[in-house]
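A short worksheet on the structure shown next.
Per-chain residue numbering starts at 1, and chain names A, B, C and D are given in the order in which the chains are listed.
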Amino acid sequence: MSFNRFGRVVSITTFGESHGPAIGCVIDGFPPGMEISAEEIRTAMLRRATGRSRHTSQRHEQEDVQILSGFFDGRTTGTPIALVVYNSDARSRDYSKISTRFRPGHADYTYHHKYGLRDWRGGGRSSARETAMRVAAGALAAKYLAQKFGIRITSWLGQLGEIVCDHQFVAESIDDNPFFCPDPACVPKLEDYMDALRKEGDSVGALVRARAEGVPPGWGAPVYAKLDSDLASAMMSINAVKGVEIGAGFESVAEKGTEHRDELTPTGFVGNHAGGVLGGISSGQPITLAVAFKPTSSLRLPGRTVDADGQPVEIVTTGRHDPCVGIRAVPIVEAMMALVLMDHFLLHRAQCGDVAPQTPRIE
Amino acid sequence: MSFNRFGRVVSITTFGESHGPAIGCVIDGFPPGMEISAEEIRTAMLRRATGRSRHTSQRHEQEDVQILSGFFDGRTTGTPIALVVYNSDARSRDYSKISTRFRPGHADYTYHHKYGLRDWRGGGRSSARETAMRVAAGALAAKYLAQKFGIRITSWLGQLGEIVCDHQFVAESIDDNPFFCPDPACVPKLEDYMDALRKEGDSVGALVRARAEGVPPGWGAPVYAKLDSDLASAMMSINAVKGVEIGAGFESVAEKGTEHRDELTPTGFVGNHAGGVLGGISSGQPITLAVAFKPTSSLRLPGRTVDADGQPVEIVTTGRHDPCVGIRAVPIVEAMMALVLMDHFLLHRAQCGDVAPQTPRIE
Amino acid sequence: MSFNRFGRVVSITTFGESHGPAIGCVIDGFPPGMEISAEEIRTAMLRRATGRSRHTSQRHEQEDVQILSGFFDGRTTGTPIALVVYNSDARSRDYSKISTRFRPGHADYTYHHKYGLRDWRGGGRSSARETAMRVAAGALAAKYLAQKFGIRITSWLGQLGEIVCDHQFVAESIDDNPFFCPDPACVPKLEDYMDALRKEGDSVGALVRARAEGVPPGWGAPVYAKLDSDLASAMMSINAVKGVEIGAGFESVAEKGTEHRDELTPTGFVGNHAGGVLGGISSGQPITLAVAFKPTSSLRLPGRTVDADGQPVEIVTTGRHDPCVGIRAVPIVEAMMALVLMDHFLLHRAQCGDVAPQTPRIE
Amino acid sequence: MSFNRFGRVVSITTFGESHGPAIGCVIDGFPPGMEISAEEIRTAMLRRATGRSRHTSQRHEQEDVQILSGFFDGRTTGTPIALVVYNSDARSRDYSKISTRFRPGHADYTYHHKYGLRDWRGGGRSSARETAMRVAAGALAAKYLAQKFGIRITSWLGQLGEIVCDHQFVAESIDDNPFFCPDPACVPKLEDYMDALRKEGDSVGALVRARAEGVPPGWGAPVYAKLDSDLASAMMSINAVKGVEIGAGFESVAEKGTEHRDELTPTGFVGNHAGGVLGGISSGQPITLAVAFKPTSSLRLPGRTVDADGQPVEIVTTGRHDPCVGIRAVPIVEAMMALVLMDHFLLHRAQCGDVAPQTPRIE
């Protein structure tokens, strides 16, 4: 069972609420011997942290992560790696006035019906704060994949509202702006749009794209442990995600077979509509995916809702919120992709061993 | 670990290859006492079976399913329910000539790299033949949900190539035509299109939509056992699927928060952009999703590929194939949705009990 | 969740009742490429089968096992291996008269309270018939371990009632007598005892011992995936088992530390009180265990019980039963040990790779 | 996969090393709404803590446990409950001199071969320190079982070395002495024995017994999720355990069927050789088990070993150790029993619902 666990061989179990004392995770099954430091993990976490530009929430997350176990002499030991971040700069008073009102688009109403009670401070367990630990764990997975296979995972903002953000793709630009936008020419448009949106008090959706290069062929499994099935599960488990596609995704619907099938030649595949996964198993091509994020539901524009007695009330969410959660989701998508890939390497190694079959391989 | 298993509390483990002796599944954890018969299961399976119209594969699947265990006196007993169907009308000779060639868009190349050997007859384990057992197991889940909660799951063809199939929605029509098309006016267009496509030798993608009505609020979990995360995993595990969306899905990208958030009033939610899931937990609204299927890769139009020695060769797939796998996928999507929902009911009952908290509920 | 599944990376899911149409199992996660045949599996199963001597049940199990999937060209393919044996020579009429009476020492009463209904024919799912599939699956695991590591697993009857059976240990004798007794001098005693017991109509308990030689150091894990914890779970899951010990077992209670701790010297460990497992991880020494089996509860000597209405009734179990279930349990213990060891090799390989750390090793 | 996780529906994932910064656990799947406080958990932990008498280790564990999540307004919320205890009074310097020597009877040698490196401070992950978190989590499970079903779990020292400790059974005495001994007359004997043993520098094994009363019939499952199989796994996962038995245990070996089978009468079962479990499912009788603990391997009496280069060296373990680990294991056995029982209640409820079948029940 895995209410709060993700992964098959290497797994993460996260805990913590947005306004509780701490958030954390336990990474179980991680291989021994990899060098890592708390500072490296923190650096990764800061890419996702709030308070780094005017376009995201103004809560200042310091991400002073501690490694509580599974770590000795600068290396992982093979035993469970526990990470914890004590919450700072949480203002629970922002929430007390809505403790008995169900915020539309939030999990308030559903928690109420599931558990009969809920921690109403800041979204509790459903806050995006939880995703900080995904990024922390993902930093370890990404380092492992890079060191062992040279795998590079890149994610970026593909679209924000109606604005397509990757007409031009300059990988180096992604971290040069607060939007993880790969097109330098697009950045000013995003700034203007976001400034207006913030003023308006509304929020907007976004599309995040990701690509993993260097994944060897053979990771995944044919039926329910499909690599793409686990990627879909991983992405859909991120807060605010409403859609996932691999490769050509929804464009496949209108494609013909002669167009979609990626033919093979001695120098490689012709095209990558498959997005690097065939029959649930990696093909050696780049793995590509896209994830749709809904607009933030926390708005200071008033909305209709009901309270715990079923009475109609108006709701205004103050607090400090991202007008577009999709922006800070970029490192989260990257982290989840790293976790799925590393898990599938270990799963593949369990069944089939370290050494790939000696067969002709098309890179 | 679950290479070939799906589900948390009630799970299915499927086995069998397209051209092996049999396919089957073991349903583990199913509650005791539900009446069911092999004939009921077979009826459900025949909706998915090939050979029922000229628009799908001409292999004649009889689906003579046997219940091997977990069944006594016409009822489930609580012990594992094993189902088996011996394969009939399999023509493996169709495949012998391509046993050393990697069919583009298929799992041949990836199996080769993963396992070092493969059962090349008819796609082996990656054949859509496996999905027959999903429909069989789904028939039990759907009956359970209908009897216990009155839940109704409906799925249909939403689009085939460029043709949108649900401009009009007449639920009763879905099973009146070979396309699971809810719009009677659209059926002739589909017939013409498919006749032309078959003549041409090409294939096309499709979109399948599904909706579950009557699901109580409270099923699911906040983080990694999210109801929508498990739905995404289930859908992406179906052969040929390249994308999944819940509720507004990819349309959320361009939506504003004021537009997307579904406000609440004493008479219910205003809109259902969420698709019936908030924070990973069912809200009591209909659960809605859409699934993108790629076009069949098995074409009689020749394509380029390489053989096991890496040499360029031409490939033509004869055999008997569906020009649009999305059509017969309609009952598969429905079955997977039933399995996920039933599993989440049991998971919810495990943690929170049979009786829902006594709180105001908005239906 | 695993109501009917055992194993972490390579798992078995069994199904079937004693008097249902068939029993079977699905072996999931088995590595590709191992040669095996149905006949080899059947040979292993016949060691456990009834009807081979007058000292066990007279039901004639033919064990005509079929491989339904995961098998191609004489080898495992890496996809799920399904095995099935159709039940033969089942006489359900023997049971109809006790369908409403709870047999003492059986699961009748507990099934009734758990499920509210039960398949009363021959013990249903709780029949030792289920263990035939453990032996079948164990045959694959044992072959894998033997081929890859030269691991030899031996199990034998250590005690039957008051008769100690391994004062002398001649490995070759184990399969020369119907008791799996390693001491040729003990066999006539066992024959006389069992003949008298059968005449008397009573049954008796037994102790089964097992040893695995050649297991490399490093398999297992420190806390909840301990090798010995999984062995204990495996053994206790066999019908009629009431106790399990590893190494010195219950004798450890009265031992001193200086006596129990196995010191190390450059030529190896001094003693093996640990039974080959230290801190949950294999040490490279032989892994040794013992398992206690209760006497069969099915007796033709009348006993007191109640019926489904709670009324007192007398019960006599006719049917064909083993007067000592511990005898035929010998191959089952061996099989479960093989399954646990193979699973732990794969689990270890997942996390730590194929190649052991380059460190001095004491054999 | 569950390297460091235990449980099916409600699970614990523990982390932390003896001399690392902290130990902790995440309890996942716990039902919402139960009142609990950190102080209650700490009280339970102190029963197991060192430094409470001269007969156990002199390290002073304060067990200042913090609840980091899953907790609001004094109640569990249904989200993961994270507990952490920062390690205090750890003296790692005690270990530096043995960092390259394998302590006999410890996991040093096996860790070395598994992981290639190890945290040598105080046994690292294999220290009994880990079990503190089992007791913490067990406190929640025990409270749940007591409140919901009135279940009472009792465990006690059954034997220490050759001294049988429960000739007389006075439940109230168990917590009146530092040995968890239920026989007041035995306590002076234990004191004398332990004083002599400490002087001698040696250690000794022990037997811990436990009993759960009030468990309803129907918990467990027929084959691999057997209640007794999970109890065996739980007990064998405790440090230093070498054997587990349920009910009559190893005495079953020499018993006859007429003696062992517990007949039923309208007023209840006659005897409880089964130990409250029939066919893997609880019968409503008390569940009884016994667990064998080996003597502590950490001795100040010198012993032979080898170092990491395979050279012979002498070893003396200073540090602060229990001369009999079995004593403080009493609350650990109790805790693991509570965790298994609670997990099986939830598992049973998942499949069969809250309400038991309306059948005659023999208490």
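In this section, a contact is a pair of C-beta atoms (placed from the backbone, for glycine too) under 8 Å apart; a residue touches a chain by one contact, two chains touch by 3 or more.
Being a predicted model, the structure only gives us computed values, none of them experimental.
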{"item": "Which listed pair, C-D, A-D or B-D, duplicates the contacts of B-C in over half of its pairs", "value": "A-D"}
{"item": "Taking each chain's C-alpha mean as its centre, the one farthest from subunit D", "value": "B"}
{"item": "Which of A-C and A-B has more C-beta pairs touching across its chains", "value": "A-B"}
{"item": "Where subunit A and subunit B are represented by their mean Cα positions, the distance between them in whole Å", "value": "26"}
{"item": "Where subunit A and subunit D are represented by their mean Cα positions, the distance between them in whole Å", "value": "38"}
{"item": "For subunit A paired with subunit C, centre-to-centre distance based on mean C-alpha positions, whole Å", "value": "45"}
{"item": "Junction residues of subunit A, two or more chains touched", "value": "1-5, 8-9, 14, 29, 32, 78-79, 114-116, 125, 222, 347, 350-352"}
{"item": "Chain contact topology (line, ring, star, complete or other)", "value": "complete"}
{"item": "Residue numbers on subunit C that touch subunit A, as the complex places them", "value": "1, 9-10, 29-32, 78-79, 222, 346-347, 349-355"}
{"item": "Subunit C-touching residues of subunit B, taken from the complex the two chains share", "value": "1-5, 7-9, 11, 13-17, 20-24, 26, 28-29, 32-33, 66-73, 75, 77-82, 84, 114-119, 124-125"}
{"item": "Residues of subunit C that touch subunit D when the two form their complex", "value": "1-6, 8-9, 14, 102, 104-107, 109-116, 125-126, 130, 159, 161-162, 202-207, 216-226, 228-237, 239, 241-250, 252-266, 270, 273-275, 278-284, 292-297, 299, 301, 303-306, 308-312, 326, 347-348, 350-352, 356-362"}
